[in-house]
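Mind looking over this structure? Questions follow.
Chain nomenclature is as follows: A, B and C, assigned in order of appearance, with residue numbering initiated at 1 for each chain independently.
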Amino acid sequence: MPQLGESIAEATVIRLDVAVGDSVKTDQEIIEVETNKAVMGVTTLCDGVVSEMRAVEGVSYSVGSLLGLLEVTEEEVVRTGVDTVESLEAKKDSQSGRKDKGEENLHFALDGDSYEEDPSIIPSVKGLPVPTGVMGAHYISPRMRARMNDLGIREADISAVVGTGAGGRVTVEDLERFIDYLEDWPSVAASPMRLAVADAMRRSWTRPLATVGLPVLLDRVLDHRRAQDPKPGLTLYLLRALALALTEQPMTAGYLIGEKVIHPRSFDIGVAVQVEDGVVVPTVRRVDRKSLSELIAEYDDLVDRARRRRLTEEDSKGGIATVTNFGTFGLTTGTPIPLPNETLILGIGAGKKKPVWSDEVEAFIPATEAELMLTFDHRVVDGGGAGVLLKRVAALLQKPESL
Amino acid sequence: MVTYIDAIREAQERLLREDDRVFLYGQDISSFGGAFKATKGLAEAFPNRVFDCPISEDAMVGLAVGAAIEGMRPIIEMQFADFSSIAFNQIVNQAATHFYRTGMPIPITIRLPSGGTPGSGPFHSQSMEGIYAQYPGLVVVTPATVSDAYHMLIDSVKLDDPVLYCEHKFLYRWLKSKAINGDHLPIGQARIARPGKHATVVTYSAMVHEAVRAADRLQADGYEIEVVDLRSVKPLDLDTVLASVARTGRLLALGEAFPWGGVTAEVVAKVTEEGFHLLDAPPQRLNARDTPVPYHPKLWAAHRPTPESICDALRKLLSF
Amino acid sequence: MPNVEEKTSNHIVPADGDFLRSAFRSMLKARILENKLSSLYKAGKIVGGVYLGRGQEAISASLGTALIQGRDCFAPLIRDQAGRTAFGEPLIDCTRTYLGSVEGPMRGRDGNIHRGRPEMGMPAMISHLGAQVPLIAGMLFAKRLKGTLAGCVGATSVGDGATSTGAFHEGLNLAAVENLPMVVVVANNQFAYSTPNSRQFACADLVDRAKGYGIGGFSVDGTDLMACASVVGEAVRLAREGGGPQMVVAHLLRLGGHGEHDDGSYVPEAARSGHYGRDCIEVAMRQLVEGGFATADEILGWQDEIAEDVQKAVAQAQQEPVPDPYREDWTALSTRFPVSRT
């Protein structure tokens, strides 16, 4: 059944003009059909003899259906160039994947169902832009980002997730599976304090931090302290020593923003105070201008309020460096992390009685030694600068009466 | 069985019967019944309501606008959407601007037989919905089902604004339905032709059927593809599209029109603007190639999206 | 250009005094109003371009006067101020549109000569010339379907340039095929912007085309009010009585530039000093007085009265507010679609 007009899908056979055994000539109208638009004649392509007539009068056939077969001589095939049953079979075998629809149309070139076409002709479709260098969780889709925001998750938190997307990226499905997986594990909600510390440490950690250390003798400080009333905390000595050392090299506490290093104007230094489930850092103001004894009251008040969680926002603002005494936990060494807005943190470990070489008496003498650790943002400070600062702090601590 | 073209004819028959203001104007539509027989029998059933006109698309639409000013509701049949370019001025400058400029709406409906069929060639295959949608003041509808062909034509004539009714020639007799549904969605609302959860295909007209075929193939691989039938290209139901993308996170905008701009670009732009956070992969488009529509069926089959190329695009989208 | 002697009206109809007086008043109104617009333009008060009908008043007023507002429909074009006035367009519509008042018929959304009142049977033109021809045909076609066509006429006027457009051809052909009572006045003012007739058409006379369309064709001296009144009146009558479309080609000269921004320096001196270069208002004035249809004093009175009306219309329009972008609803569709955001 030929395509006898655009959008014609089928036609009804209204008269068969030939029967099996009849001879037909080229261009002879042999079957009369009616479409929605007109009455037309199905025409032969070559001379031959009708060998089979499948069409039945009064029945509708869709475009492409086989209506009948002609027996044709070889010469006639060559003369007219028609397809025969055999030649079409041969063509079918040579074209991979050409779907057999069950109803072959052997007389007419057009396929009845135009949805099926040769799969070797697939129009090119531009590939998706897989981000270059995608590795692990580095490519985060907008939907991922939105979902992570909902769940309060950061990139660092999903570094453990295996991605199944392009380039190994973590897809939203991967994330959801991971969240479901964690449901089975025992968990507790993180307190606001915990989240605040987590956020601060994460932000601080985005910088290249390095730590250097120096052993310091504490005997002079301890003696000095014993003779004081009220007694200044050990950390307060450290605070004063650091402040004075920094007034000599303020660039060591410089803060890098873009292409500028901002130098401190006022030597306000924070003190790390351990509280339940976290750490708070109140700031002592203008440490360089006040003597140790002058600072005691302010320092004690800040630490006390810190412990009672009574600090105001103003109390913790504006420091240029922090001091931490992890010796109070019994630790001897550590690599403390500075606050995100500071370049330096100075820490001290627990004092231990040790034999120390004395040049004066040329023998080992007992002394109280502690490790002084300085962690710094290596973009601003190098080992040399850190070393100078640390040595100065250690030297100042040997003259506690000058603090 | 009711074919898509039967539905169009029945809708016009009902309109002529129920509303005296409706008349049909086009080439070969009266006793001949139209090039595709969309108006077969209507001239006889409704004398002096169905008219043959000269080959003057500009004048046809100009006449329609004038008749609308006088209170009529003409339906203009363009023999092929492709010929509406002759009437472009009257459509976009006269009809589309009239309400904005004068406050008087122009209730005309222009039927555009759109889309390709094998062998139809460059000037009998075009899909022009994107071009008309660009102009403010026009409504552009693209029915994909037999029921929508019926109901949306009636709704289009009922609207007080000029409507481009883009009927798809391939679907005329290839698409059949047991009956026309009683209920229907209003113009401006899309429908979910096939629910899914792994990716969304937003499309319209004949491509809805190609998309569903592609989705069926991908189901064998375990993917559930959701197909959204826009039904009307302008107004475009962004709410339904966004809700679908919220479910799936992946979008393929599919259309038969030329690739530059158009409906698929508008869908992607809108989803990216308002649903950026819903996307887990870059939104994709699949259109015809950037050439005129070819004549030979083998070339034509490779020019427009097919279930194969749709599957290909979806696979790329799903593996991102 | 056709020989002057041949082109005075081929249908001599006795002059109707009332018609002439009415048409002449419309001509005066148009001229005085447009002179005022020209001044306002040169004073920087007009938003956009100004396009005047100087020289075309006689033929335009004749058409507008022959039509019956409320029954007929009329699509005026660029230089039809006289016709608009004759058909019933209020003066204030013109000043409001030109001066950008939001109260004008187009509410600031279109301007200058793109104004109209479709509900009054006077559609607003678009810039694409020729497009109004099928529009008027459609209005008449609708009247026929509604059963109200009897005794009605639809008219539009075009220039020599518009006759080259596809829309003109399609529209006129369609009106002829549908046998609609349409009158198309072709004001051949010899120039389409700067393009002379020799670059616009190759037929000897535009009226020759009427035969090609199978419609009635008339030729008239556009500078002669009595001739215009007679010929246009006859054409309108024929159409009204079922004679199908009628084309009236009026020969005249555009007496200004294409717009007020153009000085028309390409118009040759010979044209200006030739027969068709005369001012139709001066000719009409002479005809009215010599024919005893009006006295010189009466005419002066009319001029004063009109000048006053124009002044009032200008003053009022200038006081009115301009469109406020924040108050606009910014929609081009009358339908409010709930679901979509387009």
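Quick note on the criterion: a contact is a pair of C-beta atoms (placed from the backbone, for glycine too) under 8 Å apart; a residue touches a chain by one contact, two chains touch by 3 or more.
It should be emphasised that the depicted structure is a prediction, and the values quoted were computed from it without experimental measurement.
*Asks:* If you average the Cα atoms of each chain, whose average lands nearest the overall Cα average?
*Replies:* Going by the distance between chain centres and the overall C-alpha centre, it is B.
*Asks:* Among all chains, whose Cα centre is located farthest from the one for chain A?
*Replies:* C
*Asks:* What whole-Å value do you get for the distance between chain A and chain B if each is reduced to the mean of its CA atoms?
*Replies:* Comparing mean C-alpha positions, chain B is 41 Å from chain A.
*Asks:* Nearest whole angstrom, what separates the Cα centre of chain A from the Cα centre of chain C?
*Replies:* Going by mean C-alpha positions, chain A sits 70 Å from chain C.
*Asks:* Which of the residues in chain B come into contact with chain A in the complex?
*Replies:* On the chain B side, the touching residues are 5, 36-37, 40, 117-120, 124, 169-170, 172-174, 210, 213, 249, 276-282, 284, 286, 289, 297-298, 301-303, 305-309, 312-313, 316-317, 319-320.
*Asks:* Spell out the part of chain A that touches chain B in their complex, as residue ranges.
*Replies:* My answer: residues 3, 6-10, 36-37, 110-111, 114-115, 117-119, 121-123, 125, 127-130, 141-146, 165-166, 171-172.
*Asks:* Chain C touches which residues of chain B in the complex?
*Replies:* Against chain C, chain B makes touches at 23, 48-49, 53-54, 56-72, 74, 86, 89-90, 93-94, 96-105, 136-137, 139, 159-161, 186-189, 232, 234-240, 270.
*Asks:* Going by the contact rule set out above, which residues of chain C touch chain B in the complex?
*Replies:* Contacts found on chain C: 105-107, 109-110, 114, 116-119, 123-124, 126-128, 131-143, 145-146, 166-167, 170-171, 173-174, 177, 331-335, 337-342.
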